[in-house]
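For reference, chains read A, B, C, D, E and F in written order, and residue numbers begin at 1 within each chain.
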Amino acid sequence: MDIFILILLRDLRLSFRRWNELAMPLLFFIIIASLFPLASSPEISQLRDYGGAVLWVSALLSSLLALDGLFRVDAEDGSMEQLILSPTPLGVIVLAKIIAHWIVSGVPLVIVSPLLALSFYLPLEALPVFILAIALATPILSVLAAIGAALTVSLRGGGALIGLLMLPMMVPVLIFGTWATDAAVQGENPIGALLLLASLAILSISLGPLAAAGAVKVAME
Amino acid sequence: MDIFILILLRDLRLSFRRWNELAMPLLFFIIIASLFPLASSPEISQLRDYGGAVLWVSALLSSLLALDGLFRVDAEDGSMEQLILSPTPLGVIVLAKIIAHWIVSGVPLVIVSPLLALSFYLPLEALPVFILAIALATPILSVLAAIGAALTVSLRGGGALIGLLMLPMMVPVLIFGTWATDAAVQGENPIGALLLLASLAILSISLGPLAAAGAVKVAME
Amino acid sequence: MFNEAASLKTKSLEVWRGGVCLFEGLDFTLESGQVAIVSGANGCGKTTLLRILSGMNQAAGGYVTWRGEKIHRLNAESQAEIAYQGHLDGLKKEFTVLENLRFYQAMSNQKKPLESLLEELRLGPYQNRQVRYLSAGQRRRAALGCMRVKTAKLWLLDEPLTNLDTKGASLISSWISEHAKSGGIAVVATHQRDSLIQTATIEIEL
Amino acid sequence: MFNEAASLKTKSLEVWRGGVCLFEGLDFTLESGQVAIVSGANGCGKTTLLRILSGMNQAAGGYVTWRGEKIHRLNAESQAEIAYQGHLDGLKKEFTVLENLRFYQAMSNQKKPLESLLEELRLGPYQNRQVRYLSAGQRRRAALGCMRVKTAKLWLLDEPLTNLDTKGASLISSWISEHAKSGGIAVVATHQRDSLIQTATIEIEL
Amino acid sequence: MAFIRHNLVRIVNAISLLNTNFWRWFHQLASPPHVFALAGRVCPWFAGLAIIFLVAGTYGGLVLAPADYLQGDGFRIIYVHVPSAYLGMLAYMVMASSAAIGFIWRMKMAHGLAVSAAPLGAWFTVLALVTGGIWGKPMWGTYWQWADARLMSELMLLFLFLGYMVLRASFDDRDKADRISAILAVVGVINIPIIHYSVEWWSTLHQGPTIAKLDEPSITMDMLMPLLIMIIGFTAFFGWLLCKRLQGEILKRERQTRWVDGLIKGRTA
Amino acid sequence: MTARQNRMILIGLVVTGVTVSAFLALQAFEENLLFFFSPAQVAAGEAPTDRTFRLGGMVLEDSINREIGSLTLNFIVTDYTASIPVSYTGVLPDLFAENQGVVARGTLDNQGGFIAEEILAKHDENYMPPEVAEALALSEGSQTP
């Protein structure tokens, strides 16, 4: 448990040390979302139509991208060897790393999402559901991206591969997320989609780290 | 001149060697373009309305991201030191690297763009203009992203910073690009916007590599 | 807890890399207090051997045991007794020397003050400098410091003298002697055989 | 073209790093045929000095000239006469040894066959293997090969013996002697002074 | 013939004298204590000018100038909007050109000037954006138009300032930060003509040039005078802040040197 | 080729590049890059018929009339070569007046009229007190009967 917190804090501090990496997913999210109105005629009705889609796709992409370095940086400077050889099970360490990463990438995204949603004219009533859906979806996306990152640690520029490997599994998240959002926008019941997201979140957090740890171990051989 | 081609070929071969990096921008482009219809209710009229915006934003993002490693990889393995110390002016080398990168990231984008455009129901008549605009815009974006990458070589996780730094200069490209596309879609005259894009392309290719080379030299000190 | 005596054993190890057999039938036993120097030409498999001894890689044939247990199936207590330092430093460039040391110390639940260690490593004036601003040898010294704070029983060192100056090299060699004297075990791969041979009790020529 | 004789001069070099003056008033001149060994403790500024000599870094005071011209304003011909090999290898991990050698050869417009070089470096069997699958010492040898193919007049070598085995070290030392004999100049920073001192004509203690 | 030769020689002599004087002056600009003192000396002048002109301009703009035939009193925001828009651009040019000088001649003081100008420029740009937006709502009927080239390019100016500052902040090594951010500043100069000519090159919502054009200004004298006075006042204000910030920057950079020590001791003694 | 020649070629290429790009840019400004369409263009059928666009011009004198009992407003936008009738429902900016610039966003109906969703006023670059404006209007009135 101590080690879990130790790693969590280490990764958080590292992110704050390289603050530009920290800002990455957030900035990315904002860039995407603000370029859109620029690139299209920013009319309210249209923005509202595709606002949800823009937000979801950019959330997905930013978690994909941000996680590329999750294990690679450690692998390249030799820290990963040390972590693998530590007495703590690697799965725990991986979970700590994923959570640290979610805190610096997913949480800000959750925090700015209401702002972006409003700037895309999402109705106010739909906001709580949207935020909840993003809050449930980002950890799933983080875990999935982490598995992809682990699978490609030993390859340079694994980004695309992560995308390729993890896309099929991320699509359901995207679909449930937009279901929930759409339902809320149209005043329908979003509980079903939210429950699905919650169950996926718990599933991925309990099994994902094991898979990622296994992949890292193999990749570092 | 020989050295120019040498570097160009080297970078091309390297990209093909790490094929996953090669696939990155393309995959990225496809993800965006295919997830969008998934995440929104895909009605033809709507898709057409924001299709152009989606395509342009994804082109911009993919060139931003793909170029992050342009100089970093060389800097980290020591090749950059050797390139800086070579008798060939660094600007020429940088230009070769940018072009190589454009060939593996921009050209595929140009090639798939008609497909994506059609999948967003862009009218057939607008296709040539759209492709031309993308073909003119991608090199500008590549040069700009390269300058950003050069400014941030010695910083970890430059990705986000590149976005922030280069956004002001990329926005005009985005705007002219969508102008041209919109004009073509609506059967108006896109020549003005295309000429602007062409002028920016030539300007950035002639001055951009100098700026990037200067930045790399300073960063490697 | 440790009913088996602290000993590292290999049993007819056989190692293949890139379609070539690097060595086979390697058997040795290291007891408490012994230091093995692994030497041999570049590419003869020293790094590979050390990684196998650490349990990170697996051999094509044969096995390695620590306290009688297979090395890649150790329980947490035994695992904590092993320290490995490879060609890579394992330092975070964005952290200061002190932060790096503290991290590895905390990972092994140790809490000793670090002043004397920093003193020995001549990193005192640099303790609050980020590792990325250190010279190659200073980094190496910091990395060896991180290995030291774990107070492990088995040291696996891959070319520890790389980039170290004369004083640094003799510091490491004295560390190894001390470690052996206090009952530790060390396996050291090196090309600077002369600087370390007086600490060795066994030499493994690959 | 080269009206000035090949000589590397420094004039009252002064170097600061991280708010500390590493050295000042460093003056020396190396003429054709001379080899300087730079030695000193870790962090004394050897790497920094070599980078300044190469023109990549600039000194806080003083200057460096090559054939009478400031080192960071050389024309292409003089620039081509300089080869630098730092702590980093400069090899592309995805390329094979041969591809890396060929690239640096082409960069300097050379075209000699490479068999004998590969033979000397004992990389013959590995010439078509990607560098990322090489051992540390094999990589270093490949990197030194890349430096060699440039046929430069001035060699700036930062710890060339790192990770090299005995044979490799004596190969490099013989390269340096030969280079000096054929009129070249070399500046070599190293901690393994003993292995290289017989090649040196000057020793620079920092 | 001899006459011409004689005069030519005199002209050449004069030029070479000017030239040496110029270079002496230029080299003095590289010496921190000298620049520090110079900034200290001109500072009060700028301050005085700024106060006088800003007060006079405010009075002129709010009281003396007549209301516009069309916009009524609403137009008076021009007396803040236009000066701050100008100053944003001026600050960028100061920043970029001194950064370029610093890069080419390795002049630390020039970099110091660039660093000092950046946040000032950012604030003026923010002011121009805000006053423009406030003005736009009643006049055009909207605070903001994404598709308008003038508005977009002004926003991008703000981003350039921010980018410059963020880039600097991410380097620990000041020297490197100076030289690298200089490149960004210079590359960004392309935005300045775009801002200025955007209203001519594209038909936009923002109006065309009123005073900054080759023709006679399209504004009557009684409205123009306060505007010019405000512009001078803003410029002096900018100069004042710039000198202050430059002095601070010099002290920060030179804090380990003997002359700063002496300065501080002299102050406290 | 010597290094010096090489260098000159490079510099030449850069200069050519900059010149060509400047030329292209100037060429581009010859084409009009539209924020809005003028009534003349609309009349000539250059404006799109099936989607929203912006229409810019002057509000014709005496053309404004409000429909009684609603916020709807009808007026004519002109560039003095062609005129387009516009109808709009909603709040107007202060500057909206006869003989003033206006930018309307909306669509064409099938009778050649324009239905605006949004009205923006466009100010010109002239600033003057009311007296001057009157005097100017008088003198212009006398020049162009």
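By our rule, a residue touches a chain if its C-beta (ideal position, glycine included) is under 8 Å from a C-beta of that chain, and two chains touch if they have at least 3 such contacts.
It should be emphasised that the depicted structure is a prediction, and the values quoted were computed from it without experimental measurement.
If you take chain C and chain D together, no chain is in touch with both. By number of C-beta pairs in contact, the leading pair of chains is A-B.
Ranking all chains by how far their C-alpha centres lie from the centre of chain B, first place goes to C. Superposition of chain A on chain B using C-alpha atoms only gives a rotation of 180 degrees, nearest 5.
Work out the mean CA point of chain A and of chain D, and you get 46 Å between them. The centroid of the Cα atoms in chain D and the matching centroid in chain E are 48 Å apart. Centre-to-centre, using mean CA coordinates, chain C is 60 Å away from chain E.
The multi-chain contact residues of chain F, meaning those touching 2 or more other chains, are 3, 29, 32-34. In chain E, the residues that touch at least two other chains are 147, 152, 170. In chain C, the residues that reach two or more other chains under the touch definition are 87, 93-94.
For chain E in complex with chain F, the touching residues are 66-71, 74-75, 78, 138-142, 145, 147-149, 201-205, 207-210, 218-220, 222-223. Interface residues of chain B facing chain E in the complex, by the touch rule stated above, are 147, 151-152, 154-155, 161, 164-165, 167-169, 171-172, 175, 211, 214-215, 218-219, 221. Residue ranges of chain C in contact with chain A, taken from their complex: 54-58, 76-77, 79-80, 82-84, 86-95, 99, 103-104, 106-109, 143, 146. The part of chain B that touches chain A in the complex is made up of residues 18, 20-24, 27-28, 31-32, 35-36, 38-41, 46, 49-50, 52-53, 56-57, 60-61, 65, 69, 73, 152, 155-161, 163-164, 167, 171, 174-175, 177-178, 182.
Chain A meets chain C in the complex at residues 2-3, 6, 10, 13-14, 17-18, 76-79, 81-82, 84-88, 220-221.
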